[in-house]
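The letters A, B and C name the chains in turn, as written, and every chain counts its residues from 1.
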């Protein structure tokens, strides 16, 4: 009844290599990575089609505008547009496509029209980090806070605490996230006058120069408070309610009871048994919520005048700056795909059943 | 009624309880009753409100007034009654939301059922499309699309909004059709050679009625979310009164930084929040009442 | 009996608070368990067996309440007897597993899916003050060997990498890790195939000899009870209806319910497999009938049974039964020993 294979012959190197490769292809990590790359490629291609091939595409509109506003000939306008998108529009369409992909790989996203010939990649490099920083911080805080609140709500279910937090959480999670700035500006800036909201524009005090001094870091955090608070408030209710449900179902699991029977300390059961198992399904949701928070960031940054990529996208749309729009759209999508991948990897690290690829 | 393993109704009868028991169920769940009341309230506001409440007019004598008996929510900086603006502004918002809910549901059911029944390449295509759509942030996609396409009619708005909200329901329908297909009574229908549409519409969809209702309500909430966002960004050309337009003008005129205009700004925000909350609460209590076995599809 | 019981259950009653009223799941149960002894608690599902087991280690759900009784544990010759029901949280935590290990019914879900077996072994030992990881590992590997598992492989595995039978044996080994005086097994072999069931029975028999723990096992599998137990406790509607030596109870049952249970299972050790199921269903535990709880289903019942509940009394040496007409029941088969004698 000893359940082991006792073959003593050493397997050949080739066979070992083959099982290794097979395992790699079946592994969760590899499949997630492949999925992410495929999605990014799909986004690039669809964007190319939208920019280039649709009737009334941005290139056509740009060319028309150059002809009517600057009195260029169609040829001149087309070559100028080509310079802005850094794609030669006279070449055959498949060549344009490969040129476009090649440029993207080299980080060449064209030139912004509205901010006089600044490369799009430069604008993105300057503003995207602020969005990633504020959104990431907001998500992190709301996730951790939500897990804690949710667990407490499950432990003290039907208590005053549970009912109060549930009510507030369900209301908070139904308000569109981009409307929270209005309420925050009113309460914090106008009613309680805690922060000079109207003067806090940008990502740090303009009098300071970026450096790693405590003063600068404090300023960065101060200017990020409102956007981060918005992301936290809009997400925390959702996480708390999900965690509560998840914890309630884990509390009914036999292994929690068995852990008590084994005389494990309460703390250990709370963290390694209830907390860890209950938070697992939430990590898959984390991936999905990245997209919704990034989307909301466009408007949220606009309300707070927080100089992130969201404001740039809005301005690019207003100025019909198509190369910039395309670049920002691509970068936001790629960031979301990568964030998804990260959440996936985190999840697979936490759940051994997924890591080994035995689950589905 | 309470069996651990849900049994299916013997015939084509809908799994909806009769109206009387539905009413009792709502009475037993107070949050469900509140949600139902809220949704009904806003739907009535959009339907008959504009017929009763007069169109708000400019009145320079009564600018930026706090709430009073004459003006329940006060007046804006042109002296227009805010409550009247909320009532008149509800109709376009709710129209687009309802349209989007219907279109999304139609797309999701069609694609999900076809993917499950046809399988093969079509199934894979639909699934990759769903993955693609789910990866790209909803609002980002909407803002970029809105810059290409003029969203001047409610139908175009609803169509564009639906483009990004079908995948979740589609996956559930697909999963359900796949699993319900296996059950005997559908096998019997297949054996009788009743045809795919018959099986989908007469056998499978009625069994998912409550889930579809929930998904449609949730599609409405995401439609409102995206629609108001686009209007707030100024990406939708608008002539008539609309909750989103109130927020847009509050933002562009800098009214959000002034305490006199608080009623004008907070009214549409609260109206949107309350309507969204009512919808979500209603959806949740429908889920509780029917306890659908179809809960997780994705 | 020359020595004292290791566990002594005295007048234990447990009730669940339900909307309709109190569900009296365990009613006035008393019996002793002696060192190295195996006691099988048998009965239909819903008779209170599992509630009783959970009450012994105080793992009842929130809605349950122990309404009366004592559970006296005598740890050894030198330690004073303690009432488990009066231990504080810290003492209770120490009592669980170190003194009394409970192996759960659904072994499939009784292990944490995200921790390796090794981690669950080590944390259990650490929780009871055993910090020498090397020694704990050696002991665990030895125990895995004893329950016929591949020690290394199992030790480094995650629960989902093991089959149901393997997990059941891991749990058993884990139960013996701290050398407890009492082991409680709740339906240890349900949901397992016959071959694995046999392995577990064999393993239990051998380990019991070697380690000398007392074993309480809850089962509705009479053939297994017959094979393993020294004494049988039959429970019906939350109370003990019969208790006695295994051969006494199985060959000369003195309660119609035990008799019914034995007729309801096919005789595994050959002979006529005449299946007679007990008619009717167990009574409502909220609103119990006035007399004997089994009377409505009993073919021996007379008028008095519906009026007056029979007390649990000694009917033969070491054999108690709660039946007015215990002496009318048939003798199923002569005991092998008495055949030899007479």
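The rule we apply is simple: contacts are C-beta pairs under 8 Å (C-beta built on N, C-alpha and C of every residue); 3 or more make two chains touch, one makes a residue touch a chain.
Molecules present, by chain and UniProt name: A, B = ABC transporter permease; C = Peptide ABC transporter ATP-binding protein.
Since this is a predicted model, take the numbers as computed values, not measurements.
Touch-path distance (fewest steps) from chain B to chain C is 2.
Ranked by number of C-beta pairs in contact, the top chain pair is A-B. A straight line joining the Cα centres of chain B and chain C is 55 Å long. The distance from the centre of chain A to the centre of chain B, each centre being the mean of the chain's C-alpha atoms, comes to 25 Å.
Measuring from the averaged C-alpha position of chain A to that of chain C gives a distance of 54 Å.
For chain A, the set of residues touching two or more other chains is empty.
Across the assembly, chain B contributes no residue that touches 2 or more other chains. Put simply, chain B touches chain A in their complex at residues 128, 131-132, 134-140, 142-144, 147-148, 221, 224-225, 228-229, 232-235, 247, 250-251, 254, 256-259, 262, 265-266, 269, 272-273, 276-277, 279-281.
Of all residues in chain A, only 1-4, 253-255, 257-265, 268, 272-273, 276-277, 280, 350-353, 356, 358-359 touch chain C in the complex they form.
Residues 57, 59, 93-98, 101-102, 104-106, 109-116, 123-124, 127-128, 148-150, 153, 158, 160-161, 163, 166, 171, 174, 199 of chain C are the ones touching chain A in the complex.
Taken together, the chain A residues at the contact with chain B in this complex read 35, 39, 42-43, 46, 50, 54, 56, 58, 170-171, 173-176, 178-179, 182-183, 185-186, 189-191, 197-198, 288, 291-292, 294-296, 298-299, 302-303, 313-314, 317-318, 320, 325, 329, 332-333, 336-337, 340.
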